[in-house]
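Going in written order, the chains are labelled A, B, C and D, and every chain counts its residues from 1.
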Amino acid sequence: MKKIINNPEYVVEEMLEGMVRAFPQYVRKLEGYNVIVRADAPVKGKVALVSGGGSGHEPSHAGYVGKGMLDAGVAGAVFTSPTPDQIFEAIKAVDGGAGVLLVIKNYTGDVMNFEMAADMARAEGIEVESVIVNDDVAVENSTYTVGRRGIAGTVFVHKIAGAKAQAGGTLEEVKAVAEKVIKNVRSMGMALTPCIVPAAGKPTFTIGDDEMEIGMGIHGEPGTMRTKLMKADEVVDHLMSKILADLPLESGDEVAVMINGLGGTPLMELFIMNKKVGQILDGKGIKVFRTYVGEFMTSLEMAGASVTLLKLDDELKSLLSAPADTPAFKQL
Amino acid sequence: MAVDSIKLIDIIKAIADKINEKREYLTQLDSAIGDADHGINMSKGFKAVVEKITNMGDKDCGTILKTVGMTLVSTVGGASGPLYGTAFMKAGQAVAGKVNLDFNDLISVCEAALEGIKYRGKAEKGEKTIVDALEPAVEALRKHRSEGLKTALQEAVKAAKKGMEYTKNIIAKKGRASYLGERSLGHQDPGATSCYIMLETLADQLLDKKS
Amino acid sequence: MKKIINNPEYVVEEMLEGMVRAFPQYVRKLEGYNVIVRADAPVKGKVALVSGGGSGHEPSHAGYVGKGMLDAGVAGAVFTSPTPDQIFEAIKAVDGGAGVLLVIKNYTGDVMNFEMAADMARAEGIEVESVIVNDDVAVENSTYTVGRRGIAGTVFVHKIAGAKAQAGGTLEEVKAVAEKVIKNVRSMGMALTPCIVPAAGKPTFTIGDDEMEIGMGIHGEPGTMRTKLMKADEVVDHLMSKILADLPLESGDEVAVMINGLGGTPLMELFIMNKKVGQILDGKGIKVFRTYVGEFMTSLEMAGASVTLLKLDDELKSLLSAPADTPAFKQL
Amino acid sequence: MAVDSIKLIDIIKAIADKINEKREYLTQLDSAIGDADHGINMSKGFKAVVEKITNMGDKDCGTILKTVGMTLVSTVGGASGPLYGTAFMKAGQAVAGKVNLDFNDLISVCEAALEGIKYRGKAEKGEKTIVDALEPAVEALRKHRSEGLKTALQEAVKAAKKGMEYTKNIIAKKGRASYLGERSLGHQDPGATSCYIMLETLADQLLDKKS
């Protein structure tokens, strides 16, 4: 295992210390908890946003704590949902009296832990609502299962609901716009290599030198299909066809695009993917309102990427364009 | 039968030992259809539990069970933390204040645990989860209640084992394994397995030592 | 070679198209040239900054084109300096009448190609100055050789000289502050894995599973020493001792810190490194004014990182803190 | 001797062929002490050169050489592009307007090329660069000028070869190899090698065909 770490047991703690040292103007850590909150938390009268999940997805989620996005990011062990007590502390620390919205990625563990924390907070009289992000079209949707996973599209929920909260929206309004984003966002990913959970010390799966995995999650779970290496254009064609089959878009519609690197893929390749995404959208008369290219929701050092499309209306456009100032997401 | 607080602590310690013994096995089951951490998660949780309850012999059984639940919830994370955590917390509520548990209390404890898991996880039988081991066990306890502790417990363990094995033949509808769809067929569910292990240990503790 | 690309011959062109598609509000491409300029170039009356070099270091340099940083980024073939005609076109496109500063990384090829372009521009009456960045302390400095390489510290030159230009500084003033940064900035890097130049198709060097390379450049050149894998803290100790031996810092001094990922290293590890950097500086009474953690000057998908320290005075602090708005570097 | 534009183009094409033939060899030399691209750079550049000059038979020799230089500069990049590019541009200036080159012109061309390389690269002899092959060659041309074309050229090629081989014994002080310090010892410089190859081809073209 080739990693720049000290002790695999303490990677999360050391990472959070390094993060707080890097960005004291943005964030602080709750003593005794793996919770990062806005340096100025709680913000009086503002709806607070709390998100989180297993670690290993950096800059998600603590990197998005700051003005116009999250109020707290809760960091579980690598690829493991944080426990309710951690989430509960986060809720208490950021509640500014206007209520708290939990942004949860749709994994059984995450959902249960966040819901328990919500119950604990409600028992103390804090108003708490939650939304569940499930943008990954690689997983068949069905009312009989737990449904799709939440992946990179979550960052659009943070951005847009965060902007609404920053603008003074009520808890109900912030939740409503978060749900609008969830309804309109779709993602799908692929990977060239696995990643290594530090505590495990070995790759999450094995894959041939000439193979790739399509429909990857962000926890090293196997994808939905394994194929021979494809060219960038073919990969994007495949991901986009799955996304477009699920997200009804017509000529004249506007979207936001996110090309998200999973950790080990250089920016060069993400831009090459974006070229093809743009060409496909051009061909369908769909307008690109804004594009984000970079690492937003990673899977440790996994080589691979996901494509996310968010269908926009005027409200989403204006909230997406609002300023944000966090360690990992800045917009002027 | 009468289980006092000291005995209850011993039983929980025995469960912790067994879970730790089966750490690799449970993790291996999870690697086939999940994220290869169920054994790690459970043994981490029960290690913390043992530390917490060792000196609680002077507390009532309800408090001890609640402490087990809260400790699991706050150390395990993932799916099994809230599920087993809720199960133990509900179990504790069911026998709140009691310093001795009789056979009927035992059944209440198991019923409450099942209720907790179903409340938290919203799973039904047949979805390849903990419920597939626990619900048949509770049903057996109820059905054989009149035949006494020994028979009832033995039937419960048998039923749990059958349920656990049955999970090989069904598609996961809940939890991480559900993302695999058909590919989850043929693999035994790790959560149902850990549940069976706990019930088996409980029966061993209660029957061997004939308390 | 596992890469999300189409044709290794056209990676640079496709990348630039993907970039312009992503950020039309920031940048445009000069037709027929691998040159990215500010969307609003030339900015009348402002000193223009031009940088560039081989591709494969993304987001350097085109990612820093925008308000408060560069006016143009010139992209050569992967790891190969661009040719003078490309640089010359960049100069012509961004000259707003107040002169142009070239920010060159110290490689023989880069220096010569940029100087030739400067000569061509001067022959057309454009006022051109240049500075040469040489922050890599891994390479022994000597007046008898070409001296040190330029690596991640270059981004501080872009930021600070860019802020000075944005604030209306004259060419002389912008050049002077760029040289002040160069005098006060030091970096050193290490790598866990090599990278693969797309056209070559094989790794730039081979390295054992239990080895790491210290003193890496950013072109897959071998480093100055190869060792067994070390813990993060030991690695940082080593890099910092080399940097601090060369950059005279005293208790009470203030620095900016950059922890730069080389492409394949996850953010988690960069934060763990920053923890140790912060501890070392604390121990010496050196104050951290600002920290940047992320991928700023990469080497394709190489796993590894560099540490950069910039000694600050009041002028550098205020220019470093000035807003910037570019695709890859935003500051509010 | 008299080299007209057609002949000059033939010579340059012969150089291009030779460089392309030695592509792997030059790259391999560069991989030991540089970034493994010298052969790739040079053959890419000369391929473009051949395309540019093939139909320039009606232009004067100065213009042709200048075109070679400008083409190298604008296609090669890296260090060798500006170096060889400047060399050919300066060479073109030295014989501007001439439609025929005699022996003295040839010497001027080589002198100008050397001057161009030294102006651009600021290297002196002994720093493990192109200069180590080219400067001895120019010195030999001057020294043996009175002995006529054949001798002078043969001596120049010999001197270039000696200089190229000498680069194995010295530490690089210029270019990418200088980062290696002592580790550059024992390796022959790729630039000095490509320079020797060009001079040797020039001599072959002029002497074999006795023009």
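Quick note on the criterion: contacts are C-beta pairs under 8 Å (C-beta built on N, C-alpha and C of every residue); 3 or more make two chains touch, one makes a residue touch a chain.
Values in this document were obtained by computation on a predicted structure and should not be read as measured data.
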Shortest chain-hopping distance from subunit B out to subunit C: 2
Centroid spacing, where centroids are CA-atom means, of subunit A and subunit D in whole angstrom: 56
Between subunit D and subunit C, distance of the C-alpha-averaged centres to the nearest whole Å: 33
Intercentroid distance (Cα basis), subunit D paired with subunit B, Å: 81
Shared-contact residues (touching 2 or more other chains) in subunit C: none
Chains grouped in pairs wherever the two touch, ordered by label: A-B, A-C, C-D
Residue numbers on subunit A that touch subunit C, as the complex places them: 2-6, 11, 14-19, 21-23, 55-56, 58-59, 63, 192-193, 209, 212, 229, 231-233, 235, 257, 259, 263-276, 278, 288, 291-295, 298, 300-301, 303-305, 323, 325, 327-328, 330-332
Residue ranges of subunit C in contact with subunit D within the complex: 54, 76-77, 79-85, 107-109, 112-113, 115-116, 139-140, 144-146, 149, 199-200, 204, 217, 219-222
In the complex, subunit D residues that touch subunit C: 35-37, 40-41, 73-83, 85-86, 120-121, 172-176, 178-181
